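Can you read through this structure? Questions will come right after.
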Amino acid sequence: MSPLNFTHILTQAVDELSESESYKGLFHQHKDGEPLPSAKVLHEIIELTRSILFPGYFGNSTINSRTVKYHIGVNIEKLFDLLSDQILAGLCFGTPKEACTPSTEKRRERAAHLAAKFISGLPSMRMILATDVEAAYNGDPAAESYGEVICCYPAIRAISNYRIAHELLELGVPLIPRIITEMAHSETGIDIHPGAKIGSYFTIDHGTGVVIGATSIIGNNVKLYQGVTLGAKSFPLDADGKPIKGNLRHPILEDNVIVYSNATILGRITIGRDATVGGNIWVTEDVPSGGRIVQTKAKK
Amino acid sequence: MSPLNFTHILTQAVDELSESESYKGLFHQHKDGEPLPSAKVLHEIIELTRSILFPGYFGNSTINSRTVKYHIGVNIEKLFDLLSDQILAGLCFGTPKEACTPSTEKRRERAAHLAAKFISGLPSMRMILATDVEAAYNGDPAAESYGEVICCYPAIRAISNYRIAHELLELGVPLIPRIITEMAHSETGIDIHPGAKIGSYFTIDHGTGVVIGATSIIGNNVKLYQGVTLGAKSFPLDADGKPIKGNLRHPILEDNVIVYSNATILGRITIGRDATVGGNIWVTEDVPSGGRIVQTKAKK
Amino acid sequence: MSPLNFTHILTQAVDELSESESYKGLFHQHKDGEPLPSAKVLHEIIELTRSILFPGYFGNSTINSRTVKYHIGVNIEKLFDLLSDQILAGLCFGTPKEACTPSTEKRRERAAHLAAKFISGLPSMRMILATDVEAAYNGDPAAESYGEVICCYPAIRAISNYRIAHELLELGVPLIPRIITEMAHSETGIDIHPGAKIGSYFTIDHGTGVVIGATSIIGNNVKLYQGVTLGAKSFPLDADGKPIKGNLRHPILEDNVIVYSNATILGRITIGRDATVGGNIWVTEDVPSGGRIVQTKAKK
Amino acid sequence: MSPLNFTHILTQAVDELSESESYKGLFHQHKDGEPLPSAKVLHEIIELTRSILFPGYFGNSTINSRTVKYHIGVNIEKLFDLLSDQILAGLCFGTPKEACTPSTEKRRERAAHLAAKFISGLPSMRMILATDVEAAYNGDPAAESYGEVICCYPAIRAISNYRIAHELLELGVPLIPRIITEMAHSETGIDIHPGAKIGSYFTIDHGTGVVIGATSIIGNNVKLYQGVTLGAKSFPLDADGKPIKGNLRHPILEDNVIVYSNATILGRITIGRDATVGGNIWVTEDVPSGGRIVQTKAKK
Amino acid sequence: MSPLNFTHILTQAVDELSESESYKGLFHQHKDGEPLPSAKVLHEIIELTRSILFPGYFGNSTINSRTVKYHIGVNIEKLFDLLSDQILAGLCFGTPKEACTPSTEKRRERAAHLAAKFISGLPSMRMILATDVEAAYNGDPAAESYGEVICCYPAIRAISNYRIAHELLELGVPLIPRIITEMAHSETGIDIHPGAKIGSYFTIDHGTGVVIGATSIIGNNVKLYQGVTLGAKSFPLDADGKPIKGNLRHPILEDNVIVYSNATILGRITIGRDATVGGNIWVTEDVPSGGRIVQTKAKK
Amino acid sequence: MSPLNFTHILTQAVDELSESESYKGLFHQHKDGEPLPSAKVLHEIIELTRSILFPGYFGNSTINSRTVKYHIGVNIEKLFDLLSDQILAGLCFGTPKEACTPSTEKRRERAAHLAAKFISGLPSMRMILATDVEAAYNGDPAAESYGEVICCYPAIRAISNYRIAHELLELGVPLIPRIITEMAHSETGIDIHPGAKIGSYFTIDHGTGVVIGATSIIGNNVKLYQGVTLGAKSFPLDADGKPIKGNLRHPILEDNVIVYSNATILGRITIGRDATVGGNIWVTEDVPSGGRIVQTKAKK
C-alpha cells in the first residue's frame, strides 16, 4: 500500500471520528477559558499541600526552623493560585450550561474564596494527620520512626489525599475531590471515597485493595488491613432501573475497630466499638461492641 | 579506603558484568535501528488514543465542536507516526534473528499498514467504549455524570487500555499489547490480559486486584468488583515439565453476570447467563444460568 | 471578599503553620548539606540498576555485544555517584543528632564505601534474578519469551526492587531500602518488606495485593499468586502499649511451596516443603511438608 | 563560622532586601491574576507563529498537503489562547493602577479581540515575508535554496519577529512587541525596534550588530549588511533634562538602498532611492537618489 | 464580540492559511519518514561532540582516566545514531523529488556511512582544536588556564562548530553544516561559513560581529578581533539579474596575519604573510607580506 | 558496508580518542566529588539573583508587598545552596593539585563563607543597579517605563551579570565570574570582563559588539553605544614570547563620558570627564576633559 493510501485511511478515520454523532456523550466542550481540571496541576497541588503539612519531608528543599516560614509562605501563595484556578475549572462541570449562571467574574471570586477557606483549614488538618502518623507508627512493629512513616507509608499518602479531598467536598467543590482520591488509589491501591467520614488516629496497614465507600462512617482509632472492603450490599433502583443516588449504603465502624485483611463488610450495618473482624470474610450484618467474627476453619 | 580503590572496585564490577556469560538470557541485542518498544512512547500513544476517543477529556486542550476536527486530525497523524515506529520496534521481538526474514523496508511498510488498520478501527472502538462508560455510570450510585466516569474511574482506564491492546493483538502485533495492559495494571491494579474476549457494557467497580486471564470470555453487560480473579486452575505440563502454552484454561462469563469482590473463579468453567457469584469465594465448577453462589456463613 | 482579605487569610495560615508547636513531630530539620533521600533520585538509581542487570532491556539505548561494556561502565559510575549521595543523605536519618557523631567527611567516605560494596555485589544479584526470570517464564503458560517477562512482568520489577533493597538493608543502609520497596509497591501492588529473606527461582503471578512481612523467610522455587499475605498474627505490646519491635512474627515458606490467590498466612508458622495453600483462605497453623489446604466448599 | 551564623547572615539579607524602601522602582506588584507577560510563553508564541507561516519548516511535525489544515487549525487555536493571555498580562503594564479602569472581564475580552485581529492578519504577513525570503535568496550567492534561507538565515528570524511585533504595536498592544524584538536581538544580534516601518523584499546579510531605531522608515527592496546602525544623532531634552519621547529622529531609506557593513547613519536624514552607503562610515546628512558614499582611503 | 465570532475569525484564518496558493514556496512537504533535520537534535550532536573532544569539560559527568573510555564509547555510539538520522533527514533536502532516486534503504546506509566517516575523523579534529586552544591562551593576557579557555571562550565554541561543519560539508552532507555554524553564530555572534578553509592555531578575540565568508582561505596562526569582516566586494549577476553562485569572492589571509577590530576586508584579495590590518578600516586591495594598514587619523 | 563494519570503525575511534596522549591538555580529570561548575546551574543562579534584585520582574511568580519576604527568603536560601556548591566546584580549578591543600571539609566551609558574603552584598548591589536602570530610562527616548527597561533591555542583563561577576571576582572566586559574563555576552552581544571597574548610572544602548577589557576603569554616568571597544593596544611579551599577564592595558573613562557606536578605544589612555567620542573611530591617545573627537568626513 502506498503512502498516499495511508493518508487516505487516516483522513477518513478523522472524518468519522469528528462527526458529532460519533462522540456524543464522550465529548467535553469547553466553555471559554474554562478547561477541565488538570490531573497534572492537581498532582502539583497535592505535592504542595504535603510539603506544607509535613515541612522538610516533601518538596526537596533543605529547610530549618528559621527559614521554614519563608517556605510555607511561598508554598501557600502558590497553592492558593493553583487551587483557585483548578476550582474555577471544575465549578461548572456536570452542570447544565444554562444553570451555571453567575458571570465568569463571580465564579472566579467564588473559586478564590473556596481556595482561601481550604487553606485556612490546613492547620487543623495537620493536627488530625499527626494522629494518623502516630497510629501508623504504633500499629506497625516494623516502623522505625515517625519520619519513615511520613516518607514511605502508602497509608499516609492515601489518608492525606482523602482528608484534602473530603475538605474540598465539604466546601462544595465538584469533581476535584474524586480526582484527588483516585490519584491516591492509583498510587497506593487504597480507594477511599471523598464522601466518607473518618475520625482521628486512623491507619491502614499495607493497604492495597482497600475500598471505603462514599457513605461509610469510621470512628476514632480504627485500623484496617490490606484488601478490606467497606461496600454497599445492593442498591435500590428507580423506575427506569437506574440506581437511586445518595442513600446511605455503606457500613459504620465505631471507635477502636480492627478489620483484618481481605474482609468484606457490606451494607449500612454497624461494627460496634472495640469489635474485631477477621480476615477473608464476608460480613453483611451488625457486629456488637467488643464482638469478634472470623472465617470458618479451612479444611486440610 | 582511597578513591582509587573505589575506582578499582567499580571497574572490576564493570568487567564482570560485561562478560557475555554473565548476561546470557538477560541481554537484548538490538538489531540495527530497531530498539525495543519504548514504555515512554507507548504511554504517549495511550494518551493520544484517549484524547481521540474522548475529545476534550484528555490532552489538556480547549476544544469546541468547530475545532474538534483539527485536533483529531493532528492527533491521528501523530498516533500513526508513533505507532508505526513502535510496531516496527516490536515486530521481530522474540523471533529468532534468521526467521525475521523480510527486509527492513518491508517490515517498515508492514508496521505502517498495521498502524493504519488500527486507526481505521477507532470509530467502532469508541462505540463500544461508550457502552462501558454507560455501564459504569449506571452501576455506581456515587457516579455523578458521564464526565466524572470518563475523567476519574480506573475501570475506564483499564478497559480502554485492554480494548486498544486486544485490537493490536488481533492484528498480530507482538509484545506491545502486553506492555499496554501492564501499564493499566500498574495504574489501576486491574490486570486484564490482552487475549481475553470481552463484550459491551462491561464494568469493574473499584477494581484493585482484578485479574482476567488470557483465554477468558466475557459476555455483554457483565460487572466485576474489586479483587475478582478469572484464573486458571492448573495447567498441563509438557514432557520437560514446562507448561503447555495456549490451551483454553480460563472461565467463560455469559451475559449479565455479576461477580462480587475477591471472588476467585478458576478453570475453563462457565458462569451462566444472569448468574451471581458472591464475594470472597473460590469457584471451580460451572454455575448454571440465573444461579447464585455465596460464601458459607462466618462464625462469630 | 477583596483580594486583600484573601492575602490576610493566607498570611494568617502561614503564621499558624509556621509555629513550631504546630509542626512538632511532622518536621524534618535538615542537617547541613544533608537533605533527605530523594524519591526522584532513588527512582533513577533503580532505573540505572535495572539497565545494568538486564542490558538492552532498560535505559532505551541501542547496544550490542561490542559496546555493552561502555554502557555498563558509564552506568556503574553514575550509579556510584548517585547512590553515594543518597546513602549519605539517609545515614543519620532517625538518629538523634548528637549520636550521629562522625564528621561529615567520615560519613561521606562511609557512604561511598557502602555504595561500592553494593556495586560489587551486582554480578551475583544478576545471577539470582536470572533464576527469577526463568521461574516466571516457566510458571506462566501465557509468557512468550524471557524478554517479555523482563519487559512486562510486574513480578520482575517488584522482585528486582526487593533484591536491591534487601542488599542495602544487609549493608546497614537506613530508610532507603524501605523507600525502594514502596516504590515497587506503588508500581505493582506487590509489597515485599526489604527485611524478608527470599531464595532463588521466586515468582509471583499477577501480584496485586501481595504482602510479604519483614521477618518472612521464603525458600527456593516458591510461587505466590495475587493477593497473598504473609503477615503477622498479632504482636506483643510493651508496658506502654506500644508494639515490641523486631521479634519474629511472619511465616516461613520452605522450598517448592505454592500459595494460591488471596490466601492469608499469619504468624511465625511453617508451610512445609512442597506444600500447597489454596486460595481465599486464612492459615494460622503449620502446614506439613507436601500438605494441601483449601477453602471449605461454597454453598449454592 | 558555624552553619547557624550563615543562617543569621542570610536572614539579615532577606530582611534588608524585603524593606519596601530598598526595592522601590525595581518591584513589580502584580495585580490579581495578571502576572507579567512571560518570556517563555512569548517564545512559544513565536515558534507557533513561525510554524503557521512556514508550514513544515518549524514545529517538528511531519506534514503533507492533505493534513496541513489540521496542523494550522490546532496551531491557530493554541496561538489564540496563549496570545490572549499574554496580551491581557501586558495590558495594564506601565499604566497607573487607577487609570487601568475597565473591569477584568472587559480587559479579557479586549485581549481576545486583539489576538483575533492579529491572527486575521497572518495571511498578509505571510505574503510579505515571502518577499523577504526571496530577497535573501537572491542577495546571497551562498544561498542554495529557499528552504535553506527559511531554516538557517538569522535575517529571516529577525525580520519575522519584527513583522510580528510591529503588527502587535500597531494594534496597540503594550510591552510585548519590544520583548519579541529583543528575543530576536538576543538570538541574532539584529536589533530592530518594533516601531520602525519596513517595506517588502527587505534583507540583512549576516546581521550581527545591526540597529534599526524606532522611527526609521525603510522602503522596498532595501539591503543592509552586518553592523549597520540607523540611529538618532542626538535628542532634545525637556526642562528637566529628560529626553523628549516620540519625536522623529531616525533615518529614512528609500527603495533599493544598499548599506554596507558597519556604516552608521544618524538622524532624520534621507538616503535617496537607489543610493549606496559604503562600509565603516558615519553619515549624518542626506544622500541623494542614486548617490554613493564611501570611506576615505586608509593609509598604508 | 462573542466567543463564537472569535471562532469564526479563527477558522477563516485557518482556511486562508491552508490554501496551497498561500504557502507556495514557504511549505516543506515531508517525504515519508524524512522530517527536516532538527535544530534540537543538532544541538545535542554538538554537545556530544564537544564532550568527546574535550573530555570532562562538557557533558557534566565526573570522569577520570580509568573511566574516560566508557564515556567516550557511549557518546560515540549515541553520536553515530543521532548523526545518521540527521544526515538522512537532510540528504534529499533541496533536491527535486524525482532526482532523489535511490531507495530509502540505500539512503539510510549512505547516511550511516557518512556518520561513521565523520566519527573516524574526530581524532585529527581534536589535534587541530588543541592548537586553537593554545592560540587563544597565548593570545590573551586575561586567560588564566587552558581550562578557562575551553570552558568560557566564545571563539572555541565558534571554531569547534566551524570545524565540525566544515568536515560534514567536505563529506557532502547538505544543509546541516550551515545550521551548525548558524547555531554558533547565534551563541557567539561569530559567523563563519562552513565552506571557509582555516588553518591551525586560529583564534578570534571577543568575536561578536566577525563574519568569514564561504570562499575565504585562512592560513596558520591567524588572529582576528571582534567585528572583523572577510566579505565579498560585489558579485556578478547572471542574465536574469540573479547572483552567480559559487565563484571565489572572499579574501585570502596568509600565515600569521592579525586583523584588528571592526576591519572590513572585501573581495578575492590577499593579505600577505605576517601582515597587520588595523581596526575600523575598509580594505579592498591586496596587502603585501609584512605590510601594515591603519585608519586615517581622527580629528579632534 | 555492513553494520558490523560500522561498529568496527566506531570502536576504533573510541580507542584512539581514549588514549591519554590524544586528550592531553584537553581533559579535565575531576577530583572526587568536585565536578566543574555547571553552566546550567550558574544560569539558574543568575535567574535567582535577578528575581531577588528585581522582585516581581523575574521568576514568574505573582507577588505582592505582603508576601515579597517569603519569596526573597526562599530564593536567598536556594541561592546560598546552589552558589556554595558552584564555588566549591570552582575553587581548585586551574590550581595544581598539590597546591589545592586544605581538606574538602575546609574548602566546603570556605565556599559557604564566600556565598554568604556575596549574599550579604546584594542590598548594595541592588542600589547601584537602580541607578543603571534610571540611566537607561533617561538615556533612551524610546523607553516607556522603568519596568520596560528592566524586562527587555539587554544592557540591564549584561550589567547585572557584570556586577554579580565582579563581586564574585573581588571575593576571590575563580572561573565562575568569567562564565557569568560570557553568559551575558552570548545573550546580549555585550562582553564586559568581570575585572573591569564600573561606576554608577552606567548604560549601554543596543549594545551588540561592545567589549570592555579586564583592566578598564569607568566612572559614573557613562554611556556607551553598540560596537564600542575598550581594548588593549598591544601587550608586552615575556622571554618566551607569551603575553605578560595582569598589566594595566585598557582605557580609563572618567565621569559623564559618552562613546558613540563602533568607536574603538585602545590602551591605558584616559578619556577625560565630560568628553565625547564619535562613532566608527579608532582612539589610542588621551582625550582631555570636555573633549570631542570624531571621524574624518566621508567622501561622496
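Lettered A, B, C, D, E and F in written order, each chain numbered from 1.
Keep in mind that, in the parts below, a contact is a pair of C-beta atoms (placed from the backbone, for glycine too) under 8 Å apart; a residue touches a chain by one contact, two chains touch by 3 or more.
Values in this document were obtained by computation on a predicted structure and should not be read as measured data.
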| item | value |
| --- | --- |
| Chains in simultaneous contact with chain D and chain E | B, F |
| Chain whose average C-alpha position is farthest from chain E's own | A |
| Centroid-based (C-alpha) most distant chain relative to chain C | D |
| Of A-B and A-F, pair with higher C-beta contact tally | A-B |
| Contact-pair overlap exceeding half with D-F, pair selected from C-F, D-E or A-D | D-E |
| Length of the line joining the C-alpha centres of chain A and chain E, rounded to whole Å | 56 |
| Gap in Å, rounded to a whole number, between the CA centres of chain F and chain E | 25 |
| Distance between the centres, which are taken as Cα means, of chain E and chain C, whole angstrom | 51 |
| Approximate Å spacing (C-alpha centroids) for the pair chain B, chain E | 49 |
| In chain C, residues with contacts to at least two other chains | 3, 10-11, 14, 33, 61-64, 67, 69-70, 72-73, 77, 189, 208-209, 227, 262, 278, 280, 294-296 |
| All chain pairs that touch each other | A-B, A-C, A-D, A-F, B-C, B-D, B-E, C-E, C-F, D-E, D-F, E-F |
| Complex interface listing, chain F residues touching chain D | 52-57, 60-65, 68-69, 72-73, 76-77, 80, 109, 112-113, 116, 119-120, 122-123, 126-127, 129-130, 133-134, 138-142, 144-148, 150-154, 187-189, 206, 208-209, 225-227, 260-262, 278-280, 294-300 |
| List of chain B residues in touch with chain E within their complex | 7, 10-11, 14, 33, 64, 66-67, 70, 103-105, 108 |
| Residue numbers on chain C that touch chain E, as the complex places them | 61-63, 67, 69-74, 77-78, 81 |
| Of all residues in chain C, those that touch chain A in their complex | 1, 3, 6, 9-18, 20, 22-23, 25-30, 33, 35-36, 38, 40, 93-94, 174-175, 178-179, 182, 185-186, 189, 191, 193, 195, 208-209, 211, 213-214, 227, 229, 231-232, 235, 241-247, 249, 262, 264, 266, 278, 280-283, 287, 291-296 |
